[in-house]
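Would you mind keeping the following structure in view while I ask a few things?
Just so it is clear, A, B, C and D label the chains in written order, and each chain counts residues from 1 on its own.
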Amino acid sequence: MAKVKTLEDLKRMRESLQSELSLRENSDTPEKLVQIKVSMATCGIASGAKETMSFIMEELYRRKIDAVVTQTGCMGYCHSEPTIEVQLPGADPVVYGNVKKERAQLIIDQHIIAGKLVDGIIPGIYSTPDNK
Amino acid sequence: MAKFKNHILVCAGTGCRASEGEEIVQELKTAVSQNQLENEVQVVRTGCFGFCEKGPIVKMIPDNTFYTQVKTADAKEIVEEHIIKGRQVQRLLYENPEDATRISDSKHMNFYKKQIRIALRNCGFINPENINEYVARDGYTALGKVITEMTPEDCIDIIKQSGLRGRGGGGFPTGLKWEITNKVESAEKYVVCNADEGDPGAFMDRSILEGDPHSVLEAMAICGYCIEASVGLIYIRAEYPLAIQRLKIAIEQARDLGVIGDNIFGTEFSFDVEIRYGAGAFVCGEETSLIQSMEGLRGEPTVKPPFPSVKGYMGKPTNVNNVETFANVPVIINKGAAWFASIGTEKSKGTKVFALAGKINNVGLIEVPMGTTLREVIFDIGGGIKDGRKFKSVQTGGPSGGCLTEKHLDVPIDYDNLLESGSMMGSGGMIVMDEDDCMVSVAKFYLDFTVEESCGKCAPCRIGNKRLYEILDKITKGKAQFEDLDNLRNLANVIKDTSLCGLGQTSPNPVLSTMDNFPEEYLAHVHQGKCPAKQCKALKEYVINAETCVGCTLCSRVCPVNAITGDKKQPHLINAQLCIKCGACFAKCKFGAISIQ
Amino acid sequence: MSQIKLTIDNKTVQVAQGTSIVDAAKQIGVNIPTLCHMKLEHVGYENKPGGCRICVVELEGRKNLAPACKTICTEGMQVSTHTLRVINARRTVMELILSDHPAECLTCVKSGKCDLQTRAQELGIREIPYQGEQSKYKEDKSPAIIRDMDKCIMCRRCEMMCKQVQTVGCLSAINRGFESVVAPAFEMDLEKSTCTYCGQCVAVCPTGALSEIDNTRKVIAALVNPNKTVIVQTAPAVRAALGEEFGLEPGTLVTGKMVSALKKIGFDKVFDTDFAADLTIMEEGTELLNRLQKHLAGDKNVKLPILTSCCPGWVNFFETNYPDMLDVPSTAKSPQQMFGAIAKTYLAEQMKLKREDLVVVSVMPCLAKKYESQRKEFQVNGNPDVDLSITTRELSQMIKGANLNFNELHNEEFDNPMGESTGAGVIFANTGGVIEAAVRTAYELHTQKTLEKVDFHELRGFEGIRSATVDFDGFPLKIGIAHGLGHARQLLNEVKAGTSTFHAIEIMACPGGCIGGAGQPYHHGDTNILKQRAAAIYREDAGKAIRKSHQNPFIIKLYDEFLGEPCGEKAHKLLHTHYFDKKPKVK
Amino acid sequence: MTKIKLADSKVTELKQVCAKFDNQKNELINILHGAQELFGYLPAEVQEIIAQQLSVDVAHVYGVVTFYSFFSMSPKGEHPISVCMGTACYVRGAEKVLDEFKRILNVKIGETTPDGKFSVSSLRCVGACGLAPVVTVGSKVYGRVTIEEVQQIINEYQ
């Protein structure tokens, strides 16, 4: 990684990273750019988030669905770990709780492939400094 | 691929389910199929919206219409009016309590402002192991701005004006702390991040480090610039392996990117970060103990003054802040002091992260503006008490805090209010208890913790807490005298008044607050030998109700001490002298004939 | 230094910046009770962990009470030392401490001298409302020290002495909370640890948790045994401190009364260790001169500086910590052991006694002497040269036990031949005294001239490390002095590194030398007492007719009749020793 | 205390751990962590070597080891069982779960079964309060453990 030498470097880097992200988000080829985040903090991992994440990755690979699966930190829903966030292009992200293998399978079949929501969505009910 | 135009989200949280949430789902589905909309409209159950008092909740996607207090009878109307005719059902819309206007789009509801994620802003959004994602969300721009455009004094001023106070417990103004350390002359100074989150039942610092480690690194570097320190140390619990691993990755990546290290952003300012491990001592959350521990010593606190700001790590001026405090800093720089100060109460600005746990439906990590009431946190965000039990108490501040009760539910949460109510903010653990929890036992639980975690340096904490525990133990065993209650209170007050460090100065809080808020429970134990919550084993008495007992003999067969007698098909009897109160009979009885007196 | 004004109990007081509330209160006659706090002014150490919380006071504007020992006065501070809140807190804390302390005052070694007992009495504790579990530990008896940690109140004074003053570091606080206590590593017995038996932990312990092994019963048993002849030697430091046990002013010399008391107790002969101190000077001084002369002649095999070896705590210290330097200290035995060696040979012969029938008792200001007397190399066929060593405190116990009105006793004289001594022997009790005595003799032996100025003020004093150069008729003899093992360590490290410029170094394990020994009456932190004892010793020296060891007529006679030459063959056999590597072996 | 013999190779490794921290005495806690990782626990002999390498008193090292609950002087079982006794777990019945482990394995807290298979300890909050009560066996986490499940968990490792 090249070092940033000035604040301007950092800002340019941020802009390009942001546009990359938004390109990803605004694409209209959903098969390729489904985004899935798996909450991988201690409580998530303790509840099986790792197994869930590898299952999702394998399953998507098997079905040849190009998706970006990443780990992220705690979403705060300890009552429903493992938690994942699914975002189809152009749609709002949807958070699902208690996602073990079976539910992961269901989410892939119904939400990602069929575009239907699955029971057990966790409503996002907070604001952040950016969307306030 | 089938794509649904509309989704109807129905809350299936415990609270809404209790008020016919499931029936509404069925009715909506029926209405959808009656109108042959199965391929266009999908009814979906969701988790708790955290708005249980206005439940059941139904939310329409994509237009975000938010219907409250929906009844089964409304299902048809929602489908026919909203979906088919495209008209909102006005009478079901949420009414703004301030001006009685109906709010159609949930995004405009105040309710959505109940939780504002500032410290947790990136947790659950970014991949914590990828610095690029942090940078894409304005990461390290605050640091850049501070060190290229501001003097240390300017930056300290912003922090002071923001009103940020230490999130580790005491609530000392952060900007003032920085200023004091800044003003002490020394060639060597240190920035320390206190990540020794020892409160049992608190995990917000861990979550921040696991989910957004860079925000802490960035803030530490900003602090380093402000106090003129070039070394930052993170003192972290060894029990947090994942947080440690993510921190290590973050430090490496930040070094590679050059946002920590030598001559950051081409300036004279250099700053690097090292990790130090705790080793399982709650007292090391106290800053002077923490410093002793970092020096390779027993984590015994030292008398303040001198404060670490003057004489800290290796005898040098040291600024100690906790993880959550640091996590707020970059946002304050980026969005300004005024913005931050606009959130919260007069003396407590911004938000506070709480780890909500115990007998509550939505156990989780939440972040609310200062001034939110306990009721909103417990009943709205937390979704109320588990299994429909009755709320009894909420414990805040961990072993240093107190047990608050019904009458405190509408107190706006901030440092001063909690202190006044006999508890404290602490680091943010919030444990909810129901009617089955015995408050004497809860106090005893915390004292057991304190006795184990006392460092032993000062007499009141070393011996006093042990004696407090012993008196509480006597009470829970029905062996206490009335004077024990007087002794308990005097002892608790003296320990608070004379202990050396924050641990001992706050350790009697669970005792004092339960004595103040649940005096009748103490008296019941001492005077009547009864535990109202039926938790204290020694005070339990198992009794068979002769009328409901069918004489199945199951209980007498599971009793390990043969304390139950009775002929087949005849009511049985428990011999109280022999009974060891194991509860096996109670668990086995299929007829509910055994009760605890 | 700038001054600060504050009020204590509504009285205005002005103090120097940096003064603690305890010290400020003293200025206006307010004695705030303390317990863990101990200020060793002349040693330069202060123990104030702020742990016992007995000294708490109320400060205007502060939420909780503040420890007066540890809180520094600030301008305008308003202190209240005896409000109801403060008194209740102090009493409650004391009740707590007592609730974890065995109520064995009647039989406790410390009764009457116990800081905890005194404070509890002052606070008027009559009952302990808080009963509960008490700490229980196994009793640990070493050859010199008993640890009865049930009585420990975690004041940490012993730890401070062991770790910081003495740098022995065999004690540390262990465990935490109610379980915490001060102990050697792995809670091993002291005997197995690196303890030097200097006993400074005992000297500062406020309770009966640390005490000396009591040999008085064994001494009495020997005295009543008709088959035994029991003689006693008294170390120089004892006479300057024993009076304190009988209410006399510190620094009162009680030599004559002490001799009288010992005779009345029933010792067959009462001798003086000072005699053996003179003997030590003959041997050690000669060894110094020999080494010096060879060194000056260019002999590379000769080690300099020479280190004194009369302090057994110090000997234990270098055997444990500097096993590679065992050839540096003088091989001369300590006065106690020289006395024993001569008594069990020369004197036994003269008294026509078998070695086994002669019991040698020593009265020492020291705990390490108890261990030294039991060392295998100081025994002949299992019979020790010195049979029993008791402390100044134990002697006072025996005097009280013998119903003697000590203060009314008439002065009596030591017996001869081993009761005659010079002023040089007396000053062994003080830091710098051994080397001063050695210089008095070595100067005359080396220069063959009479030393006119006998008092070497440059060698006296209380600083932890001192140095002086003495003109040996043109040769500048460089002398170093250290008392307290921490200071000794500093000089030793220089010797080890080869940077030491001294020719001779005197080392005493205890601060102040033997007058500050761990067997002396308790000073309770008042180090002025040590200074008064030291002054008394110099007074005794000044009053002596003979002040140089080599002029002691009985010493001269002893060499003539029995020993031959100093450092000669017989002298070497009886009066010299060797040292052992005692460093714990670690992989 | 029974003396144990440390393998020379392990001693060398231990000294390397000390050297990694420049034998600095203020790094003692980091070094003890490294040593415990190496040996699984901190027997007296290990502490003596560390004291020697760092030029500190062994009593000091022992004082530090006994202060911190993370450090242990006795070897843990092959399958160390820890029951979280954080507040959230406590109010959801962790004490009863702990008692059940103690009862079935017949050991006290901090003890190891005679066959060396299991050791039982309590710990303060693993931060998985949503899963309370929580039990860990080695690195595996069990959530919402009931008394009935205790025997099953033990059986998994028999």
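Definition applied: contacts are C-beta pairs under 8 Å (C-beta built on N, C-alpha and C of every residue); 3 or more make two chains touch, one makes a residue touch a chain.
For clarity, every value in this text was computed on a predicted model and none was experimentally measured.
When every chain is reduced to the mean of its C-alpha atoms, the one closest to the centre of the whole protein set is D. By number of C-beta pairs in contact, B-C leads when C-D and B-C are compared. In this assembly, the C-alpha centroid of chain C lies 44 Å from the C-alpha centroid of chain D.
The distance from the centre of chain B to the centre of chain C, with each centre set as the mean of the Cα atoms, comes to 57 Å. Centroids built from CA atoms put chain C at 74 Å from chain A.
Work out the mean CA point of chain B and of chain D, and you get 27 Å between them. Under the contact definition stated at the top, the residues of chain C that touch 2 or more other chains are 173, 175-176. Multi-chain contact residues of chain D (touching two or more other chains): 63, 67, 126-130.
Residues of chain A in contact with two or more other chains: 42-43, 45, 77-80. Pairwise, the chains that make contact are A-B, A-D, B-C, B-D, C-D. Residue ranges of chain B in contact with chain A, taken from their complex: 1-4, 7, 9, 11-12, 42, 44-51, 59, 61, 111-118, 120-130, 132-133, 135-141, 144-145, 148, 203, 206-208, 210-212, 240, 242-243, 253, 256-259, 261, 265-266, 331, 334-335, 339, 357, 361-367, 381. Note for the complex: chain B touches chain D at residues 198-203, 206-207, 238-240, 276-282, 293-299, 314, 355, 357-359, 363-364, 395, 398, 429, 431, 433, 437, 442, 445-446, 449, 452, 455.
Those residues of chain D that touch chain A in the shared complex are 126-131, 134, 141, 143. Within the complex formed with chain C, the chain B residues making contact are 281, 298, 300, 302-303, 305, 451-460, 462-467, 470-471, 483, 487, 490-491, 494, 496-500, 505. Partner chain B is touched in their complex by these residues of chain A: 1, 3-7, 10-11, 13-14, 17-18, 20-21, 37, 39-43, 45, 70-80, 83, 85, 97, 113-123, 125-130, 132.
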